[in-house]
Amino acid sequence: MKLGLAIALMSATLLAGTAYAAEKRWDGADDLPVNPLACSAGEASAAPAAKPYDGGQPTNAPDKAGKPISLVDVPKLIGIGYFNATTKGMQDAAKALGNVAAKTDGPTEAKIDEQIKFIDNYITSGVDGILFAANDPVAIAPVLKKALSKGIHVVGYDANSTPNAREWFVNQAEFNGIAKAMIDSMANEAGEDKSFAIVTSTFTTPNQARWIAEMWAYAQKCHPKLKWLETVEAQEDNNLSFNQATTLINKYGDKLSGLFGMTSVATPASAEAVTKAKLCGKVAVVGLATPNAMKPYVNADCVKSVVLWNPVDLGYAATYVMRAVVDGKLKPGATSVEAGKLGKLNVVNGSEILLGAPFIFTKQNIKDFDF
Amino acid sequence: MSEIPLPQIAKRVAPWWLLRHETMLALILFVALIILGALNNRFLTLDNLLNQGRLTTEVGLIALPMTFIIITGGIDLSVGSIVGLCAILLGYSWKTFGFPLPLAIAFTLVVGATAGFFNGVGITRLRVPPLIMTIATLALYRGLAEGISQARSVRGYPEWFYFIGQSDLFGVPAQLWLLLIAIVVAGIALDRTTFGRTLYAIGNNETAARFSGLPVDRAKLIIYTLSGLMAGLSAVVLVSRVTTTRSDMGIGYELDVIATVVLGGTSIFGGVGTIWGTVVGLAMIQLLKNGLALTGVKGDATIVVIGTVLILSTLVASLLQRRRGV
Amino acid sequence: MTATTLIHAEASPRRLLKALASQEALLAIAVIGLAIIVGLYNPRFLAMRNLSDVLLGNAYIAVAAVGMSMVIISGNIDISVGSLIGVLATVSGTLAVEGAPIIVTWLAPLVVGILVMAFQGAIIAYLRIPAIVVTLGMLSILKGGLIGVTGGKWITDLPDSFHLANIELFDAVPMPVFLMIVATIFAAWWMRYSAPGRTIYAVGGNAEAARLCGISPPRATVMVFALHGFFAGVAALLYATQLRVIQSTVPPNLELTIITASVVGGVSILGGVGTVIGSTLAAILIAEIASALVFTDVSPYWIRAVQGVLILITVIADILRRRRMARA
Amino acid sequence: MANDQALRETAAPPRLSVYNIEKSFPGVNALTGVSFNVAKGEVHALLGENGAGKSTLIKIVSGVFPPDRGEVIVDGKPVNLARPDDARRAGIATIYQELLLFPELTVAENVFMGHAPRAGLGRLDWRAMREKTRHLLAALEIHDLHADRVVGSLSVGNRQRVEILRALSQDARILIMDEPTAALTEYDVTRLFDIVRKLKARGVAVIYISHRLDEIFAIADRVTVLRDGAHIATKRVADTAAAELVQLMVGRKIESLFPKITLPIGGPVLEVKDLERRPLTKRISLTVRAGEIVGLAGLVGSGRSELAQTIFGVTPAEGGEIKIRGQAVYIRSPAQARTLGIAYVPEDRGTQGLVRPMTVRENFSLAALGKVAFGGFIDRAAERKLASDGVKCFAVKTSSLEQIAGKLSGGNQQKIVLGKWLANKPKLLILDEPTRGIDVGAKAEIHRLMGELAAQGLAILMISSELPEVLGMSDRVLVMREGRIVAEFLREDATQETVGAAMMGSHESAEKVA
């Protein structure tokens, strides 16, 4: 009986606690600085001063220049469309290069400690290079440093680690670039002074957090009239994302004129929610997603623009970068690297290789992509 | 150090058929090691094995009290969430409350123990079935972790703190010492003390245990508190290993831990089981995962193997048990 | 003594009714009460549209909870159901993309579900391995197997006719809601009015006595799991046909959500007690809470904690109520 | 020859007859060639001490396990009873001591579980089920039982009636009742007899197991006496007398069986005053002195075990006071009771006394862990010594100390439970049905032990349903009925009749309550 009381009190305090916590936050819950791009593509963006190389280096790595190498790719998790695409890119690159054997393996859920175990195993099994997409930039660092210390080359893609834990990071598109693309499309699809809400995976997923942070900064700077309603979590789960999006639609009704999907799972689900609510055209859906999942909505004019880099290219580039590193063609201080069919890719803020500006799928071009 | 108590633990506690089950499991493990070792020369290296020890410490620490709990016929599904809650509170109390780190660690352990104690109270005082009580707190503790952390992860601990999780002591991973000590203590406690005997008695016949004047409720309260405490400790080790805290730490640990304990021959119905068995189960799972990975088996296939091993070994155990007609 | 026996007799039928009604009533009141309270805070919550969406989006959990309740009432438990639903959804979706007749794509998950679960039931009943162990093992087997086979490739370009969940009966009742209600009513009716239905309670309540009544507990167990598989199949179908993408992975923690629904629904983990009406109401309540917390602007960070507390309260309330019942 | 006699008396072929049933379990010859028969509309009592083989016999007749030898014949046709279901089909229904009901389900369901009336599409016909149940209730003139009640909420008496209804609902022609009155209140017993008479009238053959002579004379037509698994005699109740039956049942002079020698009795060890614990312990006052054996007689359900468990702290008292050797104490838990030097050997050995899956060694030390442990650590040598001493001094027949206790015979198990407590050097020993269900040999040993213990100055409170035991062993006899102590007798004026009357609550005992 006493316990029952205790619980009642506890819940009361909790509910009270929620009241104060209810204020909405857009800083993406990590405290890194934001760097919004200029509003119109015309004027030069406030490019940060070129940083010196800040990556780490493997200790006495065997010289495999030109020799065949075996890579392992450990993405956040296996078994989602996005990383299937990056894997495809790596296989393409491996084929193109001829002297690279790449293999993808990883946890079935985006769990950092699982991912660490996988990397650790591959360090032991002795590969020449590790490609990774980090579930957590800091948590993954120690095991990556271990890899470096064992003379294994480490290159990241999609989700970065702390710089000194890897040699290079292939950046699909800078956070502020994505942010700009997303906010701009929202502004012109929904309208400058309209309100929108966000469906993300979890507040702890670093990339999503960074994007939201940058979006907030960029909107403040260039579209101050846009109203942010709220952000909801939906894990990496289709139906949950759908439910959350629907809930938002029902909650805000006409007030809501836009939905952001922050993951390739949340975006199609949000689009489906809008379609089901028969609000196509009234509620704009902008988000990151893979084309196949979005085709029905784009073709139905329910979604005008899907923001994404091409993950196949990302995997492709990552593999080429790794090869270049092994061959000694990409050394600290380099300003660019050759990446096969992608041509020359530039090095940005120290030790990142930029894949390019985010790509925007539209009704016209989406049919050309299959991933 | 670790080797000494194991044979003793094995020697007397269990009826011989259970002992047989564990020995058998150990044999299977041994054979598996040989095969995997033959398939990949990097598997059976001291380095790799010790490293696996490092990676499995967190689960191992929780598996010990879970063995106690399952021996009494109970279960604790909330351990994973307690790990998350404790990890968060470690970072939070250090960064936000500004506790000195050692104090923060102590605080974390207290929180873990309290969370476990809360489970225990529900189970002994209100007589809520353990499964239900801990399913509810599984949601609650994870929720608290998320709420308190506000999705912020705490990083940048002082270097000395990483010692626990990342460096070696006498050539053995630091946290492995913790685990080894815990194993020895738990093993002796279960095998040699009146406390351990009480647990077996509860699991085999709670009424008779009560009627024999054994402190049944107190014992239960202790083991659930212990479970929370060890989850807290495991959280500290985990944070020290991965150098950051996130509210989603330890998700799914409960199933790994239960699988370990059950694989180790502890009956889910209570009454039988040994720490020795749990240790073998722990090694079995971790080394199978590792060995298979090294021999090029992918993660998804590996968990299929683990699942199959779990069912089959339990089947064999129960067949032995039936042969014995207990 | 005599006198008390008689008084006992007088008082009891009423108490019996209370006993049967109680947890269901408690939940029904909670569902309605919560709706009203939230409605006062934010009237939009009570919009027909929203209420039906809450049901629509979570019907599959309620349906799965029906089967789970049967399993728990029979004195077992199943933690593999989440993985199984993932597998079945993929099976159905793959068939659809392969161009199998729609009816086949709809029946396949039911059949496969029944087979897999019956198999598990057989292992549990005849090899006498605890359900929790078998299903724990099966959980990772299914999970790993699924990803191994599909490589986690998403299933897209599903034919429109495949989307069972989008059918609205009489342009009003969405199929998932309809199926949820039908499944619940059918199951409730079956468990009350069919001999095999009653055996579930008999076996869960007192297996030995059941045996002496000529009931075969192992056969009952297999039957229960087969049925559970059937409902898992229906749930998977709703899960798969709701969206135009099938993730072909295992929905995280789904099994816990489902078990929670059953337990909150008043199904005794010790077996022999509970109704599927309770579990469905509980599933609705849990979904409603999730939606309500968004509508009431509860900080998203605290949502799960509040959910946890509410679940804990319902469960403990149920336990205390039973205790009082037992004492009276 | 008993059978020929029976056949002569009953014209029609007997409804049920069993011939030369033999059954042995590891260590025990449960039955050695038992034969008897029951005629249509006859109540045939099976009489015998615990362990005489009554329960084994009926388990065979109701198909729980097959006999090693011999056959069962229903209406002249041999039947093979491999499973309980076969017995059911043969029209044999059994009501066990531990009632087998579904506590969560209603009366109607319990009655018809397994053979419920069906409506269309194999649907259970609840209305019919209730109707039939009401008819059965009416037929037996049971008016205080409702078809929709949940069985869990019923009194023991009513639960038993549900079992009887179940038997009738599958129109059983042979009804076996195993100690049906064991748990009944006096009122329920009389009602049970009414029902049994009605069944007689309907031509049901009733096998009535009991060791209560008074009941047999009240209800049975013939009585078959078993002893140590052997058929001793079958008599018409009309032509026999209590004394003769006791003779047959015990097989020797009662005194010879119970070697309690009267000794000088010491000071009070346990003093209980106005002890209250609802529902079954009402203002109880009693005293047990060192070296004294106090017998606590009464029907099961009269509150004897409840009293014992209140003293032992399992169900702490709500009022009144307990003094241990003059010290007023409030006992909250068995652990505390133990430290006060109280030992309780419970009635239900299987669930309360022994931890069956644990070894002999572990069971012996269970209540005395403190004695063999130092700083919480169990001293293996000490423990083994404790156990082996116990095994020796109680002559426990076990292969080794590591033997699983549950596999030993009832008598040996009981010795272990007893020994486990004595290892603790208690001052007060409460024995609850110390010899229930154990063979005569072991029984004698336990009685001898009790004698010795008393001689060593231990105070013993013995609960027993076996009058001969109570009368044989006790220095004083207390009689409980419905939660109260209703009579007290000194050894010399305690007799079958006086004590029995007090238990049943007939008049001459009432005066004795001072």
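Should a chain be cited, it is by its letter among A, B, C and D, assigned in written order, with residues numbered from 1 in that chain.
As a convention for this text, a residue touches a chain if its C-beta (ideal position, glycine included) is under 8 Å from a C-beta of that chain, and two chains touch if they have at least 3 such contacts.
None of these values were measured; they are calculated from a predicted model.
> Between C-D and A-C, which chain pair is linked by more C-beta pairs in contact?
By the number of C-beta pairs in contact, the winner is A-C.
> Compute the distance, rounded to whole Å, between the mean C-alpha positions of chain C and chain D.
Here chain C and chain D have centroids separated by 44 Å.
> Measuring centre to centre with CA averages, how many angstrom lie between chain A and chain B?
A distance of 34 Å separates the two centres.
> How many Å are there between the centre of chain B and the centre of chain C, using C-alpha atoms for each centre?
About 30 Å, centre to centre.
> Please output the residue numbers of chain B that touch at least 2 other chains, ranges allowed.
122, 126, 146-147, 149-151, 298-300, 303
> On chain A, where are the residues touching two or more other chains?
Residues 3-4, 14, 17-18, 21, 78-79, 108-109, 203 of chain A touch two or more partner chains.
> Could you say which residues in chain C touch two or more other chains, in rising order?
Counting only residues that touch two or more other chains, chain C contributes 143-144, 147, 299, 301-303, 305-306, 309, 312, 316, 320.
> How do the chains pair up in terms of touching? List each pair.
Chains touch in the following pairs: A-B, A-C, B-C, B-D, C-D.
> In the complex of these two chains, what residues of chain A are touching chain B?
2-4, 14, 17-18, 21, 25, 29-31, 78-79, 105-109, 111-113, 116-118, 120-122, 124-126, 136, 138-142, 202-204, 209
> Can you name the residues of chain C that touch chain D in the complex?
So the residues of chain C touching chain D come out as 1-2, 5-6, 8-9, 12-13, 15-16, 19, 192-195, 197-198, 201-202, 205-206, 208-215, 272-273.
> Which residues of chain B touch chain A in their complex?
40, 42-43, 45, 47-48, 51, 55, 58, 121-122, 125-126, 146-147, 149-153, 155, 162, 166, 238, 241-244, 246-249, 251-252, 289-290, 293-294, 296, 298-300, 303
> What part of chain B is in contact with chain C in the complex they form?
Result: residues 122, 126-129, 131-133, 135-144, 146-147, 149-151, 255, 258-259, 262, 267-269, 298-304, 306-308, 310-311, 314-315, 318, 322 of chain B touch chain C.
> Using the touch definition up top, name the residues of chain C that touch chain A in the complex.
Contacts found on chain C: 42, 44-45, 47, 49-50, 53, 56-58, 60, 143-144, 147, 150-154, 156-157, 166, 239, 242-252, 287, 290-291, 294-295, 297-303, 305-306, 309-310, 312-313, 316-317, 320.
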